[in-house]
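We just call them A, B, C, D and E in the order they show up, numbering each chain from 1.
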Amino acid sequence: MPIEYYIALASALFCIGVVGVLTRRNAIVVFMCIELMLNAANLLLVAFSKMHYGIAISNKEAATAAGTDAQLFVFFIMVVAAAEVSVGLAIIVMMYRNVHSVDINFLNRLKN
Amino acid sequence: MNLVYLIPLFPFIGFLVTGLFRKQLSKSLISIIGCGTILVSFIITVVLFFQIKENGALPVHALFPFIPANDFKIDFAFQADQLSILFSLIITGVGFLIHVYSTAYMHEEATAHYGRYFSYLNLFVFSMLMLVLGANYVIMFIGWEGVGLCSYLLIGYWFKNDNYNYAAKKAFIMNRIGDLGFLLAIFWLLSKLGTANFADVFAHAKSLTSFDITGITLLLFLGATGKSAQIPLYTWLPDAMAGPTPVSALIHAATMVTAGVYMIARSNILYSLSPIAQNVVTAVGLITALLAGTIALYQNDIKKVLAYSTVSQLGFMFIAMGVGAYTTGVFHVLTHAFFKALLFLAAGSVIHAMSGEQNITKMGGLRKKIPTTYITFLVGVLAISGFPFTSGFISKDEILVAAYEHNKIVFFLTSFAAVLTAVYMFRMLFLTFFGSFRGTSEQEHHLHESPSAIIVPLIILAILSAFGGFIQLPDAFGGDDFLNQFLSPVVPAVTHEDSGAAMKEYNILVATVIGLAIIYFATKKAFAVSQWTDVYSGFKKVIANKFYVDELYDMIVVKPLHNLAGFLKRVIERSGIDGIVNGVGSFIQYSARQLRLLQSGQIANYVVFMVVSIVVLFTVFWNQTVIINFLQKIF
Amino acid sequence: MIAVLLILIPTLSGFISFFIKNNQGAKAFALLSSCITLAVALMGVYCSGNSYLHYDAAWLTDLGSRFTLNLDGMSKMLCLLNAVSLPIIISSTYKNNYESSGSFYGFMLLTQTGMMGVFLAADCLLFYFFWELALIPAYFLCSKWGGERRIAVTFKFFIYTFIGSLLMLVGILFLYFKTPDHSFAIQSFYNVKLSSGEENFIFWLFFIAFAIKMPVFPFHTWQPDTYEQAPTSVTMLLSGVMVKMGLYAVIRWLIPVFPHAANHFSNLIILLSVIGMLYASLIAIRQDDLKRLIAYSSIAHIGLMCAAIFASNKSGMQGVMLQMFNHGINIIGLWIVADAIEKQLGTRKFSELGGLAQRAPSLAILLMLMALANIALPLTNAFIGEFLMFSGLFKYNIWFAAAAGICIILAAVYTLNMVQKIFFGNTAALTATANDSSLNINMALIILAITVIVLGVYPQPMLQLTNDTVQAVFAPNPP
Amino acid sequence: MNAIIISSVLGIVMMFTSFLVSNTKSYRHIAVVGLFLLLIANILETHSIKIWNVNTANMLAFTRFGLFFNSIAIASTLIYVLLTGKEIERTGTHVSEYFALIFFVLCGIAILSSYNNLLMLFLGIEILSIPLYILTGSDKRNLKSNEAALKYFLMGAFSTGLMLMGIALMYGGTGTFGLEVNRTAPAGTLYLGVSFLEITGLLFLMVSMAFKVSAAPFHFWTPDVYDGAPTVFTSFMATIVKAAAFIAFLKLCQTRMAETQGAIDWKLLFSILIISTLIFGNITAIFQQSVKRMLAYSSIAQAGFMLFALFSLNDFAQTGILLYTAAYSLATIGIFAVLVKMKDYTFEGYNGLAKTQPVLAAVNAVCLLSLTGIPLTAGFMAKYYMLASVVKTNTYTWMVITGVVFAAISAYYYFRVIQAMYFKNGEPETEHVSGSFKTGLVVLAGIIILLGIFPQVLLNWFYF
Amino acid sequence: MDTTEILFWALSLLALFSAIMVLISKNPVHSVLWLIMVFFAITGHYILLNAQFLAIVNLIVYAGAIMVLFLFVIMLMNLNAEPEPKRNLWMKFAGVVSGGLLLTVIVSAIRTALGSAERPGEIRDKIAYMNGGDIGLIQNLGKVLFTDYVVPFEISSILFLSAMVGAVVIGKKEASPNPSGGGAFKEAS
């Protein structure tokens, strides 16, 4: 597939994620939207990985490893995402314990 | 050996001793030091006078370099030539008499104040001597400002009285206006000629353009109008009568106010090169003489009358200067010093006798009570009115002749001013000494003749007033024209164009005699005591109120400046400049208050800002060339 | 050697002073140390020879800066002023008891250090360091020991000068990168070649800093407030010495480094100065507060000095040099009187004073003398300086000189007003029981008065002292 | 590599000390010893003595600059722990874990100072951030702490998303994650000689890094998080961590951004960031009532100055940012060390501190003067380098002038504290202040002044 | 249109639709489910791109573990019953608009990168290699991961450690209430 389709798709998902962060008040949903953004980046990376692989192939580089690094990057992103989720959910739970709400606007003591 | 620096030195020592030890020394010691130093100066002056008379001017004596700038050098130098030694004689001679007079006049002051008084007086003599003996304009300026200071200090001598303080301040500030002119003239000279030494300036005066000469001379004349109380800066002098009477005699009659005349006489070479300046001097002198003479007609304060008379007489001197009769002007300074000092001192004696009363309408009939004072006063009045062959007659006569030769209109107006002089002097004489006593009985009881320290100077001055003129008796009357000859190395001698001069002198003599007779009777009738009223009306009121000149100055200069200053202080400074500065501060604080509202505490808002900022950054990136060009254009 | 000592002595004694708990001890110590500094400064005036007057040590060599101190005529003169003023200030305020004196005098000495450094530095970065360092202790002094509104007012002063000096820092950096050998040495700065656009731009960066410090209209508004609010001994230091930093810097750094720009803008700057003179003089006339009056009078005088510098001729410059010293002496004298009055009577309002001459004759006489010096009466020191400055200004332009000359008149107006309202007339309620000034005040004033007169009659030593700098500034190629 | 390995090992050690050592007081001492060892190890590596020889496959490149920054960060942390270690113990019950997290953060810093691959940048940022989310929320009962943690976490994750998007696009443009890109063989027609995808990606990455260094307009999290976090950890976050983010950002600027300068004028974009950062940081700080929150804004304002280095990217910038990070970190640590001893965080709380606690006040004043940029303090030299670096580029003069004007404005809020301490009267309440704490503070002030007078001490002696 | 393309479009539409549904679902549980749908779609894309390892990991880690964790937390909090409070309309509008702007910006960037037919940009005619290409296979990735990428791999363990410690610190109940009541923390005003 032409790479621009992938870019467009990833961008669209990314922006949907951004809009989600902007419009939702539930901390968990907001966090999920951020995960959506990460996944958009993942998808883009994989697509680029295959694009560069394709370029290398067309340049007659037989046993090329072009694109491997991007896929590994995606792997690391997943690793980090997992770690982040564990911490993030812990924080959300902590907050819920204290205020019994996950509304990100509920806590609004820090301002100005 | 050049002893010229000793002349000002002794008064200065006197100033220091009487000033610093005024509390420790007794009054008599202060008197001795105060008068003695002047006497010593006088003696030295006399010695030098005869030296100079014999051998001509002494060489310039530079003590040390005063302002050794890169572009010019100004030495602390003294110069005793014919002109300056003549003035020194007046200053130290008359000064000495007035010092002696003061010992009696001021005797009731507390010791410390007595010492203060004499230190001021000595300082004044010192400054005045600096003024006349300086060998360049800067030293002259030192004296010039110095006498202004002393005048200020002495006018405000009784500092508890705020009116006196205002008068003192007014005198100083008016003088300062003139001083500024003087100073600018010096700068002009320095910038064009690179020197302020009299000798060098006059030697190179021809190399100046006529614009420069006119500018310099007019600025110098501005200085002279301040110091010598001419229009437009004369209003301080009548107010200056707030000072003790001997001070008025010394400073505001005999010496300081003639400094302007001295300066013009000194700079005669410059003035001769500038007809415009000469005309201005003549015109100012003439108008001043007339104006002051007119005002003097309706003044009731004995010292005020004398003050306006001084202004008027100074006008005469300037007329002489303006028409180029420098020697004559100087001569009038000399005779004026005698008779005006006499008049003031005599007036002081009257005031002393009247327990401080100065209003002539409250006097009268003093002829009998204080006869010596009366006689000396009478001599003074006759001299100033130009009674034939008194000193005043001779000097005024010369002025008139010079004026006649210059311009007929000037002559007639000057003559009219001379008539005015006689009128107001006679009026004062009548009101003071004739008729019946109009004061309180207490004053009457207290009336007494003054002590000898007052009387002796009066008598000496009376003699000088009567006969001092003979040193310059015109040829027509068989004189030997001494002063003219004596001064001729410094000041061009007055030469009469034609042989008809003698004729004119006779004419004037006759006219004077007749005129005085008429005036005597007319005045006696017009200002008879019975005719006198307290309230003037119509034009008389205008005159009695001094043509409202003070009010006019107040309205067009003082008030506007005062208001402007207030406006600057309250509006421009506080709201304007400081307002801008503080406004910047307030603006920052205001924006701080507004900006912190962006920090709403809501994540979504923050993220919106971030996203919008990303978009903005992208937009900037797309338009980077446009923006960079724009930035380069404005910075 | 002397150059270093001049900095070292006040610095060390300043720090030591912080640890002196005893009030009297701190005072005595500060007086002693300032007298030692004075002795060293006097030695500096009479010494010649590079080893005494020049000091150079490696410092921020990576940045192209060295710790270079140099004493030439102008530096000697100003160091002397700086060294003279502190003993006089301390002795004249000896009776004042400041809370935690140790810190007070420590800060005073440190301020002195900063100002010494400014006058001595022959390296631009070093100069900048000292320029700022003089400010910080002064800030603490004013804010801690000042009057009621001290915090806000002093902060305004601080921020004003701080902005100025930061702008100057930018200018310094610009110049540094233009120097051929990338050095902050004064010589390299003099050799820098700039296009006229750059020169004009950097000129203003520098000038604003100096103009604020001097202060020149319209950058002056911090000054009256600060002088009013600061403790008087600090005011003396500020007005007597610190404002000279601005003038000094203009002569040392601005004119030689930017000769063309200075020439180009001289009309504008002189115009500003003259306007400032008239403006300040007029405002001074309407002041009812002794300290504010002196402050505005100072603005007027400084304006004349600034104008004379930019008139750029030798006599004017000589006048400025002389007047820097004289103004310091005179204004300290005025402040001493102001302080004596305020300390005794608790007011500075003319309306509440009057007739003090009856109660305090010696103070009256000494004030009179200082007042006369303030209006530049001949035979006082200020006359010589103003005479030279006016003659310089006159050479530059008659009309500026004439307009500035009006200030001579106005100076007489406000100064005599002040004298009259404080000392003459009848005593007011407050002054009826006033006492004459104490011995230490009289002594300080008498020393100042003698200086006033001596320099007024015989200014030659001072003129000769600074002559080399004057010649150097106008040399075709600055040294 | 020494620092990365040892700091992570020390982190693990700290984790286990909670099981092995019951006395909470000793954690601090262990941490100090550990930090000391870490510092020595890092200095050894600076002098080319490597304990481990690891083939990083060009993922990490240990430059002298990066290692030197590590030393600064570790030394600052050491000073931080020495001064405020006691306060860490009082934050919560998991004392050893806090120390462990601090060591993990140091590991992240070590990675960030030497990354040579965007993957390592990403990992470094995450290792840096995740412990901080936790430290922010470590005062669990405190709602402000909770809120701060949540905000920090959500926004941090969001910025991670941006960063990943950027990295992905950059990869698309260049086909590599390495910082060194072979630009000789262009693929397809490029935009002004540079891959457009890379530029777009770099923009995203720049935004994300700007977020991390709290450059406006991506700074919004900073005041809230710094305010809400327990004060001891705010001190750590605001200083060492932020400095590390700057070093990482600088490296990015020096490589990828500098190479694409021809197509996109990064200087223009940076000037926008700088100006807005200066405006937001300085202006907003003016109105604050709490010193802690003021310091948060101050950290933004200081970031504005540090951005000068990223703008100019010359030798002055390189040395300058080291000095700046050191000066800024030390001064801010000092101020926070005093702040944690205060019972009232408002400006009024400081009233009269100079009378009751002269040493605290004096050191605080020195730190504040340093932040203001008064000569003879490290802060001045730091600002000097920053300004010099921009002036050297001979462009954007207006930005320099704006910068100094805001530096002057910054005096407004810094001096408010000095005014409160010295010129106002009050009875400030403080926690117990021990003698050793005071000694530490004095030493800190000494270092600040020493660096102000002889910045070479840092730049030459330690560096080489 | 071959199968790949059809699948591509289908998966893309599914991903986008599910993503939007994540946004607009009122119930967080639904959001989670829709997000899982997104992940499935993306996994499908991975498979299309022959990134087998990532596809599996995505399915297991993301869709499986992570999302289950989300679900678990939501259930734990019992949020599904609670309707989310409405964010105000202005904010919603601003969010959508700024998100749209962002999308526009990125799309315009893609257009520039594409260039025109006459002046082709860098990604014109570049395709993602769909059929074949074995770089996504576990063996290939593993080889690289444990050679070149071993350092980041090890380092990511530190990340996990810190996350673990963090989760413990945050999640563990305080054994005893903080004696000083949050010692280092004071109210500012």
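Just so we're on the same page, a residue touches a chain if its C-beta (ideal position, glycine included) is under 8 Å from a C-beta of that chain, and two chains touch if they have at least 3 such contacts.
Bear in mind that the values here come from a model prediction, so they are computed numbers and not experimental data.
Enquirer: Any chance you could name the chains that touch chain C and chain D both?
Expert: Chains in contact with chain C as well as chain D: B.
Enquirer: What is the distance, in whole Å, between the centres of chain A and chain E, each centre taken as the mean of its C-alpha atoms?
Expert: A distance of 3 Å separates the two centres.
Enquirer: Any idea how many Å lie between the Cα centroids of chain D and chain E?
Expert: That gives a centre separation of 29 Å.
Enquirer: How many angstrom lie between the CA centroids of chain B and chain D, rounded to a whole number?
Expert: 77
Enquirer: Could you check chain D for residues that touch two or more other chains and list them?
Expert: If we look for residues of chain D contacting two or more partner chains, we find 119, 123, 126, 130, 133-134, 137, 140-141, 144, 149, 151, 154, 158, 162, 172, 187, 223-224, 227, 287, 397, 409, 412.
Enquirer: In chain A, what residues contact two or more other chains?
Expert: 3, 7, 14, 17-18, 21-23, 25, 30-31, 42, 48-49, 51, 55, 66, 69, 72, 76, 80, 83-84, 87, 91-92, 94, 104-105, 108-112
Enquirer: Would you pick out the residues of chain C that each touch at least 2 other chains?
Expert: Within chain C, no residue contacts more than one other chain.
Enquirer: Spell out all pairs of chains that touch, sorted by label.
Expert: A-B, A-D, A-E, B-C, B-D, B-E, C-D, D-E
Enquirer: Under the stated contact criterion, what part of chain C meets chain B in this complex?
Expert: Within the complex, chain C contacts chain B at residues 156, 160, 218, 220-222, 279, 282-283, 285-287, 313-315, 318-319, 355, 357-358, 361, 372, 377-379, 383-384, 387-388, 390-391, 394-395, 398, 401-402, 405-406, 408-409, 412-413, 416-417, 420, 423-426, 457-460, 463-464, 467, 470-471.
Enquirer: Under the definition above, what is the set of chain B residues touching chain D in their complex?
Expert: For chain B paired with chain D, touching residues are 588-589, 591-593, 595-596, 598-599, 601, 603, 605-607, 609-610, 613-614, 616-618, 620-621, 624, 627-628, 631, 635.
Enquirer: Chain A touches which residues of chain B in the complex?
Expert: Result: residues 596-597, 599-604, 607-608, 611 of chain B touch chain A.
Enquirer: List the residues on chain D that touch chain E in their complex, please.
Expert: 4, 8, 11-12, 15, 54, 56-57, 59-60, 87-88, 90-94, 97-98, 100-101, 104, 107, 111, 117, 119-120, 123, 126-127, 130-131, 133-134, 137-142, 144-145, 149, 172-173, 186-191, 195-197, 200, 227, 230-232, 289-290, 292-293, 340, 342-346
Enquirer: Please name which positions on chain B make contact with chain C in the complex.
Expert: Against chain C, chain B makes touches at 64-72, 76, 112, 138, 141-142, 144-146, 149, 152, 156, 159-162, 165-166, 168-169, 172-173, 176-177, 179-180, 183-184, 186-188, 190-191, 561-562, 564-566, 568-569, 572-573, 577-578, 581, 585.
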